[in-house]
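Structures incoming, each one as structure tokens.
Two complexes, one shared chain (chain A), two partners (chain B, chain C).
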Partner chain A sequence: MTIVLVVGFLLQSSWPLLQQQGIAFVAGTEWYPFESLYGMLPALIGTLWAVALALLIALPCGVAAAILSAELLSPRLRSTVRFGMELLAGIPSVVYGLLGIWLLIPLLESQFELLTGRTLLAAGLLLALMILPTIMVFSEDAISAVKQSQREAAKNLGIGWDATLWRVLLPQAWPGIRIATLLSMGRAMGETVAVMLVVGSIDRIPEPFYNLLQPAQTLTSRIGREMAEASVGSLHWAALLFCGLILAILAMAISLLTHRQRLVV
Partner chain B sequence: MNLSHLQYRDTISKSIVWLLAIPALLVPTIILGYIFWKAAPVLDWNFISGAAEGIGFGVTEGIFAQLLGSLLLAVMACVMAAPFALGTALYYCIYASSRQQRLLIAMFNMLQGIPPIVFGLCGLVVLVNLFSWGVSLLSGAVVLAMVLLPLLVLNTLAALERIPLKYTEAGRALGLDSSDIIWRLWLPRSWLNLLTGLLLAMARALSETAPIMFTATVFSGVVWPDSLFSPVTTLQTHIFYLAQEGNDSQVISIAWGSAAVLVLLVAVFGLLARVLKKLEAD
Partner chain C sequence: MFWRGTFALLPGVLLFCVWGAGSLYAATTTTIKIAGSTTVLPILAEATKVYRILHPELTMTVSGGGSGVGVASVERGTIDIGMASRPLSHSEALRLNTTADVIPVARDVVAVAVSKAVYESGVQRLSLSQIAAIYRGEIRNWQALGGLDAPILVIDKEASRGTRHVFASVVLGSPRARAAGATIITGSNNEEQAVIARSDQAIGMLSNAWLNDRVRAVAVGEGDSGSLPTAENVASGRYAIKRDLNIIVPKNRSAAVIAFVDFLRSEQGQTIVQAVGFHPVR
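Entry: the complex of A and B
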């Protein structure tokens, strides 16, 4: 019910835009509200880059940390690490935003000699930091859920720690790690406050496409920046609500994937 | 030769794991330390109680009003969401067919995945403008309650599922009807777990910024809202606005102080939930 309501309201409110411009504006590259140009492509690509970057950094590190804490550390140290991670997972996103502005951005500016540190790279790094605890906690659950007898069997076969990890532990923990990845993907995509403080909020497709050291825009940062400026009921307002609709649809697609996986497991 | 080869490989993969894991463990810890190090100069009792002097442009050094606003919003949201969550969970356990059960679970998983800002947008369209509640405590609390609802429902379900099935069957065999089973059996057996869920929801509510940014908060000037329909100030949005106040280092240090207080507050609720969980397990 609630889902239908949410999507319905968003669709109804963004209807004027769809009516006037068709659906083609989604692929447009120009976003100038004052000239009624509402191209969604820059923000879509920005969101994609930020999420991909965050996962690229956080996934290997998070899973490695999970392996470390589940397999190599003593139980006492392990519960300490876990407790710390759960604590970190609770840090509010706005605090990460503050860190981004006053720690990460000056750092980037001095490292890369940039005019402004507000870049896609900053957003990606910050998001990676935010989703790291989630990935770690879920992966650790998945890895320690593998039965002890399996580890012992592997040891008896004499296949070594390395092969045990790749052939026994990771394949069995994979469904859990996959769910962790999808969940944190959704979180990274929908994260607003921290991203909008560091991403620069300039509607531009990175040029060339792998240049992460430019200011960009994500769907969420656009909503956050411009919602207060748009007047109620205007086309601009409708366009921003349409961004929200895209976000909602993407998020639901991701959770559908998660859910199907859960049923199989 | 073969054995040493194996050990060699083990050492390599172990060191790769260590290499990747060390930053994952260290960086967040350093960052947590950094927040408190930055906040240390302003953190004292006057800062929290709001008695410290104002430094102009609506910025007071104390954060009492913001603290109050955050807590008020979070408590109201929890109070609104909790009965709905309990009701939904009970419906799920007692009346829903297995098809409906699957549907409900899928739906709440989906709702949980929807970004909070989308709820904020809906609140802005429906509550603030359509119902003309304005930017107010009530709008913010309702939006926040919507964000919390899936979390609470899933937690409540997990709590109820932890009651052994034979208890319920024994109750049924004794001829108890559904309301007796709920009041005499399920609630007494699971209230600690339900409370844990509520505490986690509080922690979540305190850490959300996006949904209340457009619906409930103003920058300054409110200590205690006059009615349900007046806006509040919160710690989250306070940090958000102060973070963008470029060049005044004193303002930034207030932001760090607020951030530290917020982190502590969320951690306290998280810790309480943990303690309760342990208590229940014993």
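Entry: the complex of A and C
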């Protein structure tokens, strides 16, 4: 019900823009609200890059940490690590953003000799840090949930630890890990403040497309920067709400995927 | 049974308390809500501090957001005074000229600010056309301007910011002009000042009050006639990039708001304007 309302509201508010410019502006590359140009492509690509980068970093690290904690650590150490991860998950995003400004950006500037550290890479790294706890905690639960009898069976069959890990534990825990991935993907996509502070907020597609050391824009950082200044009912307002609509649709697609996975389990 | 009843009552009691406190509060205070340009903000913040001592019964809130926010919020009726560091745009004026007044409270100059390292490497004066070339992306290296061989970090501002409005209309010819040479976009003066101070190859647009040792203004003008954004140069009209700082007030304003606006434009109010680092309008 609420979902229908939200999507309905977003669609209705962004309708003036759709009515006037069709749907072609989504693929446009120029965002100049004062010239009625509302190209969404740079921010879309920025969002996708930031999320992909975050997952690329956080997924291996998170799952590895989960394996370590669930299988190898003593129960006491394990609960300490888990407590730390839960703490990390609870830190407000703006704090991560400020950390990004004071630590990450100067570091990137000096390491890569950049004009500015406000880049897609900075956003991706920061997001990776933010979703790491989610991935780790969920994956750890999934791995721990694999029945002890399965582990013992593997041992009795004489299967080594690494084979047990790859053939028994990870396949069984995979649905849980996958849900963790999809959930954190949603979080990374919707994150606003931290990204806004480090991404540079300029509407430009990276050149070449894999150049992550350039400032860019994401859908959320654009909404965050421009929402307050657009007057209600204007085309600019409609365009910003359309950015929101895209995010909402992407988020729903992700939760649909999660849901189907649950049914399979 | 008794406890269950108590728990059912609790939210109701809480709500009642909040409502009661709220209405008591509303009965004893008048609230003036102010929002908008972060350039005008320090003036209003300081002025409200002084004014509240004279009128303790008033509650005043001052928040930022940019000139666009100030204008839009007055239009939506969510605030009592909007702050704008630029004149109303054509469409804003059409929507607001029967319902609100624009009142100048201070005068400001937009400085062309560069990082300390750039200034010390010899870039101390730029002509308007050189600045325009930087922002259009035609000049990308400080070497072309007499500085070191280093790329220029060109800082643009969010399109609704008053500082950008003034800068772009003088330098680029139109308040909404594109700046293809921009490297990044920042929001508030504080955010931009921090970027310039931490870099050693940046150029940006800042209000005078945000200049310091690590964020230096360059002289603006052709040949030897370049002038710094000083009080004399602004008063004599030699420095080109300047503007009025305005407040926007609905025509049907309350007595409390009228009194406060008078205070801002009084001698005492204008002393505050100077203390914060801007030029008076009287």
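Definition applied: the second predicted complex is superposed on the first by the 265 of 265 C-alpha atoms of A that agree within 3 Å, B and C clash if a C-alpha of one lies under 4 Å from a C-alpha of the other, contacts with A are read in each partner's own complex, and residues count from 1 in each chain.
Here is the rule we go by: a residue touches a chain if its C-beta (ideal position, glycine included) is under 8 Å from a C-beta of that chain, and two chains touch if they have at least 3 such contacts.
Please read all numbers here as calculations on a predicted model, not as lab measurements.
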Practice problem: Based on the superposed arrangement, let me know which partner A:Tyr32 touches: chain B (first), chain C (second), both, or neither? | Solution: second
Quiz item: First (chain B), second (chain C), both or neither: which does A:Val232 touch?
Solution: both
Quiz item: With the two structures laid over each other on chain A, which partner does A:Leu99 touch: chain B (first), chain C (second), both, or neither?
Solution: first
Quiz item: So, does A:Glu86 touch the first partner chain B, the second partner chain C, both, or neither?
Solution: first
Quiz item: chain B or chain C: which reaches more residues on chain A?
Solution: B
Exercise. Have a look at where A:Glu152 lands relative to chain B and chain C in the superposition and call it first, second, both or neither.
Key: neither
Practice problem: Using the touch definition from the top, say if A:Ile202 reaches chain B (first), chain C (second), both or neither. | Solution: second
Self-check item: Footprint overlap on chain A, where chain B in one structure and chain C in the other make contact
Solution: 101, 228, 232
Quiz item: In their complex, what parts of chain A are in touch with chain C?
Solution: 32-35, 101, 106, 115-116, 118, 200-202, 215, 225-226, 228-232
Quiz prompt | chain A contact footprint on chain B (complex, rising order) | solution = 6-7, 9-10, 12-14, 16-21, 23-25, 27-29, 31-32, 34-35, 38, 106-107, 109-119, 121-122, 124-126, 129, 146, 149, 203, 206-210, 213-214, 236-237, 239-240, 243-244, 252, 255-256, 259, 262-263, 266-267, 270, 274
Quiz prompt | chain A-facing residues of chain C, complex | solution = 65-66, 68-69, 71-72, 75-76, 151, 153, 156, 158-160, 176, 178, 182-187, 194-195, 198-199, 201
Practice problem: Going by the contact rule at the top, pick out the chain A residues touching chain B in the complex. | Solution: 2-3, 5-6, 9-10, 13, 58, 60-62, 64-65, 67-69, 72, 81, 83-88, 90-95, 97-99, 101-103, 129, 132-133, 136, 160-162, 165, 183, 186, 189-193, 197, 220, 223-224, 227-228, 232, 240-241, 244, 247-248, 251-252, 254-256, 258-259, 262
